[in-house]
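Here come two complexes built around chain A, the first alongside chain B, the second alongside chain C.
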Partner chain A sequence: MYIVVIGCGRSGSYLANQLSKAGEDVVVIDKKFGSFDRLSAEFTGFTINGDATEIETLKSAKFDKADVVVITTDNDNVNAMIAQIASELYQIPKVMVRLLDPEKEVIYHNLNVITMSPTNLLVDKFTREIIG
Partner chain B sequence: MRIIMVGGGKVIYYLAKNFLAKGYQVSIVNKDNEYCKVLARELNCLVINGDGSKPDALRQAEADKADAILSLTGNDPDNLFICQLAQKEFGVPKTFSVVNNPDNEKIFKELGVETIFNTTKLISILIEQRVEVADVNNLLSIEEGRINISQVILQKSSPVLGKTLKEINLPRDIVFGCIIRGEEVVIPKGDTQLSEGDKVLIITLPENQGEAFAALSGE
Partner chain C sequence: MRYKNIIRERYKLIIKYIGMLTMAIGGFLLLPLLVLPFYPEEVIYIEAFLTPAAIFFGIGFLLWKLTSVKDDVTLSLKEGGIIVLISWIVAIIASAIPFMITGELNFTQAIFEATSGWTTTGLSVVDVTKASHVFLMWRSIMQFFGGVGLIVVMLSSVLHPYGFGLYNAEGRSDQLLPHVKKSTKAIMYIYLGYIIGGTILYVIAGMGVFDAINHAIPALSTGGFSTKADSIGHWNSLPIEMVTWLLMIFGTINFATHFALLKGKFKVFFKNGEIRLLLFIIAIFTPIVSYFSLSGLYTSLPATVRRGFFEVVSAISTTGFSLDTFSNWNQFGVLAMVLLMWIGGGTGSTAGGIKLYRIYLMIKSVWWELKGYFLPPNSVVENYIWRGEQKLYIKAEYIRETANYIFLYMATYFIGVLIYLAYGYGLTESMFEFASSVGTVGLSIGITSPDAPVGILWTQTVGMFLGRLEFLVIFFAIAKIVKDAKYLATE
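Up next is the complex of A and B:
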């Protein structure tokens, strides 16, 4: 599978490392060049230093060929824009996005985008641990 | 008309003043606390200090009753988010946004933002047209620059002097709006003759504008 990971923070880099280790083709995009230091020695994919809200950056990542796009930048509005470019304009089959502010989920209604909210996941897990 | 404006620097103050003068109901959402205090003091409108990309801020700005939202921040993803949130969560019928990166005009359009002000493109078009031929003035761009009204002043060197409109060879997609001759306004017909010093108002598509200017000015 050809997977594009956008945002190479703690989550993005960890995911990219795992997928690359499992033998998938991975490209990571991040605005800050220094973020790529988080990628491990096992990472064999490509890195692109650029702003993923710019079409040129997405073109150089061969966005049109992607099977999966995972968006994990630390800005919800940036994530929403990239997610819509990926699912609506490029028709990428699987688009996944990290949602920091659960209130902003409304933007993804009726879109073919999978949202993951770390806050919700954590709270659910804690709640289940505490009251079952 | 109820309109919400988000972000923007000085522009928002003058826009709000303008809209209020027309009797519109205006609410402003801005992140800068100090600036909000100034706006609230100077303008007779609802001012919300908050992040316009959060549902709560738009709710406080009474988005559920608004007819239009205008997003003017310097950050394109924020502008897109604000317009879509207003549309999807509050059913605001009309969305207007500024885009800073000219490439985003197409993206915003495809993602449902109704009217887009591509400031970079507008400014660069205006400058190019000014610099190219000083006798040519772009007066107005309509529909985000898809059609232009411009003015050409006919100089001595113009090849169309003394000719009637019928006789001159203009590209097809150009409309002669009117001719201003001194104090007089002439509505052009096929037999109207052009003379030196005439200010000719033409309506063109941007792609034919250069051709039209060349035909009228001879340059």
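Up next is the complex of A and C:
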């Protein structure tokens, strides 16, 4: 599978390491070059240093050939924009987005996008622990 | 105490990898025996290959089987360097043994020949007129694996893709596809495809099948071992030379650039700095070498240019095939060849030398410096060059690394030349011969021969080894081994 990971923070880099170790083709995009230091020796994919809201960056990541796109930048608005480009313009079968602000989930209602909010997960788990 | 355990754990993994590579080297030793069905009278040599094959396979198997490692250890670049260094030394020793068993060469000569093979240099102390087909094949097989690299072969087939460190440590660092296993596979397909194509072209051009195989492999791996004493000059045929031109130039082009070319991206191909520089150098040097050095040796213009072009391509691609002797060349021609051998071929190809990429980067760097002088003081410039299929933005530290590399290269070179001079050789010959060794080229002006002094052969052996593995990896690996050994020994 050809996977593009956008945002090489803690989640993005960890995911990229795991996927590359499992033998998948992985390309990581990040705006800051220093972010790629988080990738471990297991990562053997490509890194692209660029702004993923620019079409040039997406083209050099071969976005049109991607099977999966994972978006984990630290800005919900950027995430939403890239997710729309990926699912609407490029018709990528599987687009996954990390939500920082759970309220912004509405943006994705009519899109074919899988969302995941760490905040919601934490709140759900703790609520269950406390109230039962 | 805990740090000690970590070190031990990591060295166990290193040993496991080395075991695996040693097993593979044992396997490689069986490959030349494939020619036996065609030359049944050479079955007497079977023992010379079977014995070391069995020994090395056995040692490798034991190392691999007896070391148990935890799954979660991964290797860094320095540790990859240790694996590369040791497995290359093992490969060279294993490859030298068949020559020693038959008594064809003594220890020094056999190690020299094996190093020359694995580093794809092509300097030879074997008398090819008397050598059997099995041994000629074995020399080509060493160049086949040495050219593309032991680690690349292993990563493309069996090795666990833990080791990006490993891949980088072998001096073949360009990636074609976003996974190291697929990248190395693609490299192997390109390499094998060209070799098969080259063999067919040679046969069409009029070579025998055995000679065709044994020239296609050395040409593409930029090795330069030949089955004839006069190298390509033996045939004196233009079609064969033309096939050789093509294969040598292909061999010296970065695999990532080949990949772009094979995908039909001609624009990207010609934007590549290495390709431009390569074509420029060939276009400049062919006429000046022909005019200033060869016009006295040949009577007709086509003959002069034909010789000049062939030798220029052979030197810049670090292949080392030649058409005739260099001993009657004037000093202009010799120094021109030395310059070409310094520059060498492309990075991430099978070639040696300083590499076109580094030279190109330094030329660009000077140009950017000059240009920056005339720009407004607050202007922001992003300098880039084309590498593979994409732009590579150049940071100051790349240029520093490149300059350091060139410094190391030249320092090693001149130390080597001094050793030659100490043995009483002339300056011209010494410069030529050692440029040919460090650049893993393989052209010889006549110093390399079975009766050359032992010290000279070892100097060349070390030069070839350093040149192929690109210096720093070897230094880092040795420094790390020493440091860790010291630490383990303190308590």
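In the analysis below, the second predicted complex is superposed on the first by the 132 of 132 C-alpha atoms of A that agree within 3 Å, B and C clash if a C-alpha of one lies under 4 Å from a C-alpha of the other, contacts with A are read in each partner's own complex, and residues count from 1 in each chain.
Following the convention adopted for this analysis, a contact is a pair of C-beta atoms (placed from the backbone, for glycine too) under 8 Å apart; a residue touches a chain by one contact, two chains touch by 3 or more.
These numbers come from a predicted model, not from an experiment.
**Student:** What does the overlay on chain A give for chain B and chain C, a clash or a fit?
**Tutor:** fit
**Student:** Taking C-alpha centres, what angle do chain B and chain C open up at chain A, rounded to the nearest 10 degrees?
**Tutor:** Apex at chain A; the opening toward chain B and chain C is 110 degrees.
**Student:** Looking at the overlay, what does A:84 touch: chain B (first), chain C (second), both, or neither?
**Tutor:** The first partner, chain B, only.
**Student:** A:106 contacts which: chain B (first), chain C (second), both, neither?
**Tutor:** first
**Student:** Should A:54 be classified as contacting the first partner (chain B), the second (chain C), both, or neither?
**Tutor:** first
**Student:** Which value in Å is the smallest Cα separation between chain B and chain C when the structures are fitted on chain A?
**Tutor:** 19
**Student:** After overlaying the two complexes on chain A, where does the chain B footprint on chain A coincide with the chain C footprint?
**Tutor:** Looking at chain A, the two contact sets are disjoint.
**Student:** So in the complex, which bits of chain A are touching chain B?
**Tutor:** These residues of chain A touch chain B: 53-56, 75-78, 80-81, 84-85, 88-89, 101, 103-104, 106-107, 109.
**Student:** How about chain A: which of its residues touch chain C in the complex?
**Tutor:** Counting only chain A, the residues touching chain C are 2, 20-21, 23-27, 40-46, 49, 60.
**Student:** Can you name the residues of chain B that touch chain A in the complex?
**Tutor:** The contact residues of chain B facing chain A are 53-56, 75-78, 80-81, 84-85, 88-89, 101, 103-104, 107, 110-111.
**Student:** Touching residues of chain C toward chain A in the complex: what are they?
**Tutor:** The contact residues of chain C facing chain A are 74-77, 161-165, 167, 175, 177-183, 390, 393.
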